[in-house]
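As written, the chains take the letters A, B and C, and residue 1 is the first residue of each chain.
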Amino acid sequence: MSVFDIFLQQLVNGLVLGSFYALVALGYTMIYGVVKLLNFAHGDVYMVGGFVGFLVLSVVAPMVGPGWTGVAVSMVVAMIAVGFLGVVIQRVAYQPMLNAPRLSILITALAVSLVLQNGVLTLTHGQYQPMGADLGFGGVNLGLLFISYNQMILVGTAAALMIALELFVSRTQYGRAMRAISIDKDMCRLMGINVTAVIAVTFFIGSALAAAAGTMAGAYYGSVWYFMGFLIGIKAFTAAVIGGIGSIPGAMLGGLILGLLESFGTQIPGIGSEWKDVFSFAVLILVLVLKPTGLLGKSEQERM
Amino acid sequence: MSMALPLLELRGVNLSFAGNTVLDNVDFSVGRDVIVSLIGPNGAGKTSLFNCITGFYKPQSGSIKVDGHELMGLKPHKVTQAGIARTFQNVRLFQQMTVLENVMSGSHCRSRAGAISAILGLPSQRREEAAIRAHAIECLEFVGIADEMDRDATNLAYGHQRRVEIARALATRPKLLLLDEPAAGLNAGEKQDLLNLIGRIRDELAISVLLIEHDTGMVMKISERISVLDHGVIIAEGAPKEIQANPKVIEAYLGQDDGEDLL
Amino acid sequence: MAQPRSNAFNNIIAQFDEPWKRYAAFAVIVALLLIAPISLGPYATVILTNALLYVVLALGLNVVVGYAGLLDLGYAAFFAVGAYTVGILTHTFGLDFWLTLPFAVGAAMIAGVIIGTPTLRLRSDYLAIVTLGFGEIVRFSARNMEITGGASGISGIQQPWLFGWHINTPFEFYYVFVVLAIIAVIVSVRLQHSRLGRAWLYVRHDEDAAEAMGIDTVRVKLAAYVIGAIFGSISGAFFAVNLGAISPESFSFQQSVLILMAVILGGMGKIPGVILGAFIVVLAPELLRDLGEYRLLLFAVGLLLIMLFRPSGIWPVRGK
């Protein structure tokens, strides 16, 4: 293959990867916006989404087939179920901690992450569960470049979800309240906005988007397992920070940038696939140290 | 030469947040062995000025000198080391620590023992610990609450918490003490005690005091000089009598509800 | 913070308020540790050795999390730095174990300064993620590099000699770890009651007020981070010679989490609480063998319950 072929192929790979990162990063950024909490458990919410999708698919595949129709049904069910899981997590674990010291809140979020991870570990005995999706290998050959239908559907679905989210945030009452709360929560309370309900809706949507990504990842890569949320959780967080945490377009942009960075980064001689994750972590640390406000983020308020 | 130099001198300090001007070309100075007050309506920028002096805010331009040394760009702990101590408007004591431990924090920047001497328990470290403790007790005795030194600081009566904060600031051995609304929330008797305490800080410890205060009666009684800040601009400066008679000041205060306080 | 409750446990603890009683209790515990292997046999001795290793690790992480209030999710990285420094220098370069210890400490300090200096001024949640990323970078690097033996790690690490005494049985290593744990406790106590120890608490409770008191908060945090790194590295060094073999999987994220659990379950910032936490983390799986793979889930649920209902940990808050 020529360098140009490789470039185009990695561009497609990066887009696919970036779609996953962006969907998960959106949850981080939305939740961060309304409650100023780094939800460590978000990667595991994605993982649970993958598992719910896996379970639903095994039920519906005999009825509608294991193709994209089945995956779509599974995805929708997973989004709803995991959306509610997100609301429950917020109510049970985060709500009581609203006024606790920051360190306690972070440890609580870590604890939720560990409960989800080890809960699924116990249920599945730590085994990979093969997802019974059969998506075929068809695609479009563009001369130099082959794009599979699966890649197209995946990126298309992610884009559709993001457009829907953008419409929700800019056009609906809840969406506007969400943005208002991220600016000044106390003022919103005074203005009579039901802050509790908006927080719940935010956790629902953020978790549902992660579940959509989890189900699609399970179907695309062929299996789900209890630890699948760990790496993507960190990488999606990186994506959210690159774009500017709290910024919804930033999360989408950050996801794509990180996806492309990673797929091109592994082509650099000497980095290779075994150093791929080190590369992502190095990007994370560099971004946090050099530009913690990200590309589209607002600069932090002055101290005090 | 050094006598001619003011203790604290601000020249052309500008501060703005996201395009909103908070301090507009502020010139301001505090001499030696004086008690100076900074007054002005709510939102005039008084606490912001404190935060600029103490390094918590970074002004966009200007110069802030203490004893001729430039403070602009220094981190807050460097400013404290240079001899400026402060209290906070809403008392900020270290929770779950005793009164004594709170005041001992002030000695941190005037002592040096590190991890290794602590781990080895070197004699120099033990001596220093004893000295830090003794100095903290002295400061507590000075403000008159040494008998409460082993209590949890945040369990103290509010007026006493304010005194702990002052003792803690004194423990940093400052040349200039900044008090941000020290009388807020105090009753008449406590205010009188505070007046006496501020006077003693200047007279007995030779520390200059700069205070932000809303209780104008108290300000008139204690200050040698008063500066008035309104909308980020110093609109008047002078002795209490001059300030009371200044029409600009009266106008600034009449703009708000508690305008009659001044008269 | 939870209010002190008056229960039997608190009453027992209250008995030890006077210093001489505390010293007496300490002496009794040390005496019990010294005779434990004789009465418990070889298997229990190995388990206890592991518990003591966790005591040292947890006390080290306690300096970072419990005293300075910095959430470090990659503490196992420093454990790895110590283990691999000793492993490489003794096995590959043939150096004597005791000579490699200063290198292990130096490597941990350098790593601590390099990762800490740019990151300790970050917001606390960003710091947590950066430390997590750092921990994973160290583990991936150990797995991908030749000098660290790749995925299979380094084996055949020589057991050390001390003045003609070859430390090579589980019993002997047990006593080495007893000494290490005692040193770790003494160092922790002394740091806690020092100028630096107080500065950590000031910074943890109110960073702005600490700055206003003239405390260089970044420097104070860096000191905590580096001291924690040294504890971790020394633990790793002795861990390597005790096992004789190390591999990247001993230094995973789960390892960092386990050490963190030891710190939090017992009560962060409280030395007896942290020791208790370390023993719980190591002994509970042994006592609850039948639970098998449920044990991690149980720990996770326990951690969540502690955070929700008793964030100060199991060890009681001292009454005022």
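FYI, a contact is a pair of C-beta atoms (placed from the backbone, for glycine too) under 8 Å apart; a residue touches a chain by one contact, two chains touch by 3 or more.
None of these values were measured; they are calculated from a predicted model.
Participant: With centres defined from CA atoms, tell me which chain sits nearest the overall protein centre.
Facilitator: Central by C-alpha mean position: chain C.
Participant: Measuring centre to centre, with centres taken as mean CA positions, what chain is farthest from chain A?
Facilitator: Computed centres place B farthest from chain A.
Participant: State, to the nearest whole Å, the distance from the C-alpha centre of chain A to the C-alpha centre of chain B.
Facilitator: 48
Participant: Counting in whole Å, what is the centre-to-centre distance of chain A and chain C, each centre being its mean C-alpha position?
Facilitator: 33
Participant: Determine the centre-to-centre distance between chain B and chain C, using the mean Cα coordinates as centres, and give it in whole Å.
Facilitator: 41
Participant: Going by the touch rule set out above, which residues of chain B reach two or more other chains?
Facilitator: 56
Participant: Which chain C residues sit where two or more other chains touch them?
Facilitator: Counting only residues that touch two or more other chains, chain C contributes 208.
Participant: Would you pick out the residues of chain A that each touch at least 2 other chains?
Facilitator: 303-304
Participant: Going by the contact rule at the top, pick out the chain C residues touching chain A in the complex.
Facilitator: Touch list, chain C to chain A: 65, 69, 71, 73, 118-119, 122-126, 128-130, 132-134, 136-137, 140-141, 143-144, 204, 208, 253, 257, 260, 264, 293-294, 296-297, 299-301, 303-304, 307-308, 311.
Participant: Which positions of chain C touch chain B when the two form their complex?
Facilitator: Listed in rising order, the residues are 1, 187, 190-191, 193-199, 201-202, 205-206, 208-217, 223, 227, 320.
Participant: Residue numbers of chain A touching chain C in their complex, please.
Facilitator: Checking each residue of chain A against chain C gives 37-38, 40, 93, 96-97, 100-104, 106-108, 110-112, 114-115, 117-119, 121-122, 125-126, 230, 234, 237, 241, 274-275, 277-278, 281-282, 284-285, 288-289, 292, 303-304.
Participant: Which residues of chain B touch chain C in their complex?
Facilitator: Touch residues, chain B against chain C: 54-56, 75-77, 80-81, 85-86, 88, 92-97, 101, 104-106, 108-111, 113-115, 118-119, 121, 125, 128-129, 132, 151-152, 155, 168, 172.
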